[in-house]
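Have a look at these structures, which come just after this line.
Note that chain A is present in both complexes that follow, paired respectively with chain B and with chain C.
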Partner chain A sequence: MNLGRTIYNALFRRTSTFVVTIVVGGFIFERVFDEGMDNVWENMNRGKLWNHIKHRYAEDADEADE
Partner chain B sequence: MAYRFNRLRDISNRLQDVVKMQSRLAATATEDGMKSNRSLWFALGTLAAGGLATGYLLQPNVKAADLELHPPHFPWVHKGPFSSLDHAAIRRGYEVYRQVCAACHSMDQLAYRHLVNVAYTEDEMKAIAADAQIEDGPDDDGNMFSRPGKLSDHFPKPYPNEQAARAANAGAYPPDLSLITSARHGGEDYVFSILTGYEDPPGGCTEKEDLYFNPYFPGQYIAMAPALYNDVMEYSDGTPATISQMAKDVCTFLKWAAEPEHDDRKRMGMKALTLLGMLTFASYYYKRHKWSVLKSRKIVYRPSPHS
Partner chain C sequence: MFSSKCISPGFSRYLTASTTHLAHYLKGAPAVVIPTVETVPSPPESFTNLSMSKLIPKGNLVATTKHIGNTQVRFSHTDVSMPDFSSYRRQSSLDPNIPNSTEINRRAFTYLMVAGMGITGVHIGKNVVVDFLSTMSASADVLALAKIEWRGKPLFVRRRSADEVEDVRNVDTASLRDPEDDQARVVKDDWLVVIGVCTHLGCVPIANAGEFGGYYCPCHGSHYDVSGRIRKGPAPLNLEVPEYTFLDENTMVVG
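For the complex of A and B:
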């Protein structure tokens, strides 16, 4: 049995598991996509954003934040 | 046999009637439709052609009418579709605004708190705000009073009202700078050009009292004296305060002030475009998937031998 068939039988075949797959999949995708794109953004704009230069002005930021 | 023959003739007669009727209907329909369609298209076409012609005729005249120099496009680091503002420049730009421009220009849409976590820490901004004297009141006796600024205060205005501002600037009103990069054609390119574009009037242009020659300003004579000179101020991070450095920084600051959502907008745009790009492929695949059945089917017409 190939992968597609396995996935189909395990997840998509029954409505109940299909719905759960969509909800859980949506959650995981959103987390991965959002974090991934934020990382791309930070890399493309390295050195320009506030959290890249913040440490120059707040040495004790870690203590002050918590 | 005869019965069959009669029936067949009957049917064929009726069929002929139907066909005749249909072709007559179709003929009138196309004729009427064509006529009204034709005049509609004609009207639309004339309108579009007339509009284009008017636009074409007006456009060069409008261009020829303005005499100011159009600012060049500068290579701002925030120019790309996915490029953020340079927040260190925003920080320096605010120093320039506060030490130079704020003497004449208000920025009444901005409060101190807006710069927190954009270019300053909260503590730094609190200290900066506390340095300013903000008018507050009335107190219990009905008098206005001054107090040190708070994060929630808006930037103080240099003049109490427009009349006072004009009186102090030879009749010209220094505009509020909160939205200036959005309010002028050319945006930050224009503001940069204004700030760095002062020169002596060339041959044929005269000196004018209280006005300064600036080829980028519409009309060429601006009431704002050159505001930036080398080392007119000092940067707290030690960056050499050249005219172009200060102009670049203050323009970045003004760009941020006019579009504080700039960075978030581009970040969201990047995400949206990526996601929509992925969905384009998905929907293309889905379309092929659904149509594959329709496109590969074969329809066979086999008349019944009995009719």
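For the complex of A and C:
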């Protein structure tokens, strides 16, 4: 129950810190949102991407180099 | 209960105004002030030292204010009871005697919601602006073309289909502004290499555009065909062909 008070006093009490919270939160949100959505997309397309099937051909390439 | 009393010094014994509190459904007549007449002794007629000395103010000067005008009767609504909001209140704020412990947390939650909306709004706004601005930037194919440079000028390398080659070779050379045969402009039939600078005023033409499917200069509307020859618009000359050789099937050297 003390968490709300701490957050309120630290971030929301003044307009200046409130706006800073929103802007900084925007950066964090964008990062998290983009990464999260990329992960979701890669999970839905598991096995279809080059990164997922690369190892099959990388061995061949190594052998060819040898 | 409301009452007022107007007091003027000297007459306070005689003049009192008071109103009576009345519930509104018992509207009574307002209290009436009954004027009292007082006989004031007439001033002395003769102006003697004694009589005049009586007119001189003695002692401290006193200023008084008077309440002028009608007093009003107010009918307060004592029959209206205070509404009970307790059914709308949360458990933690029901008892006014207990300090409200959850208020700060509820306020923090409200502001958190507002901040969340703000963050979403900032994110959406940023993406709208970025999307809008990115429509103004050069597209990927233009950028890729512009990356190939030769002596500081953009170099256009284009693979032509057999149909395109046939088209440009069937054009009557004499009808062109800058008569030049297509065979003289290419080393291999299917590869066209020209310098991407418009011969009019030096803009960079756009590939795969214009009426002849070759290049189109957006500055003043010069149309070039698939051989890089000027066909329409203000440009006087064909696009310049640099010197180049093919070392082997996959390698070309310009210059």
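Operating definition for what follows: the second predicted complex is superposed on the first by the 48 of 66 C-alpha atoms of A that agree within 3 Å, B and C clash if a C-alpha of one lies under 4 Å from a C-alpha of the other, contacts with A are read in each partner's own complex, and residues count from 1 in each chain.
Just so we're on the same page, a residue touches a chain if its C-beta (ideal position, glycine included) is under 8 Å from a C-beta of that chain, and two chains touch if they have at least 3 such contacts.
Source: prediction; values computed, not measured.
Once the two complexes are overlaid on the shared chain, A:23 sits against chain C while remaining clear of chain B. Contact with chain B, but none with chain C, is seen for A:57 once the two complexes are overlaid on the shared chain. Once the two complexes are laid over each other on the shared chain, residue contacts for A:37 go to chain B alone; chain C is not touched. Applying the stated touch rule to the two superposed structures, the overlap between the chain B and chain C interfaces on chain A comprises residues 33. Considering their complex, residues 101-102, 104-105, 107-109, 111-112, 115, 118-120, 122-123, 126 of chain C touch chain A. Chain B contributes residues 77-78, 82-88, 91, 117-121, 123-124, 263, 267, 270-271, 274-275 to its touches with chain A in the complex.
Interface of chain A with chain B (complex): residues 33-34, 37-38, 40-41, 44-45, 48-50, 52-54, 57-58, 61, 64. Of all residues in chain A, those touching chain C in their complex are 1, 4-5, 7-8, 11-12, 18, 21-23, 25-26, 29-30, 33.
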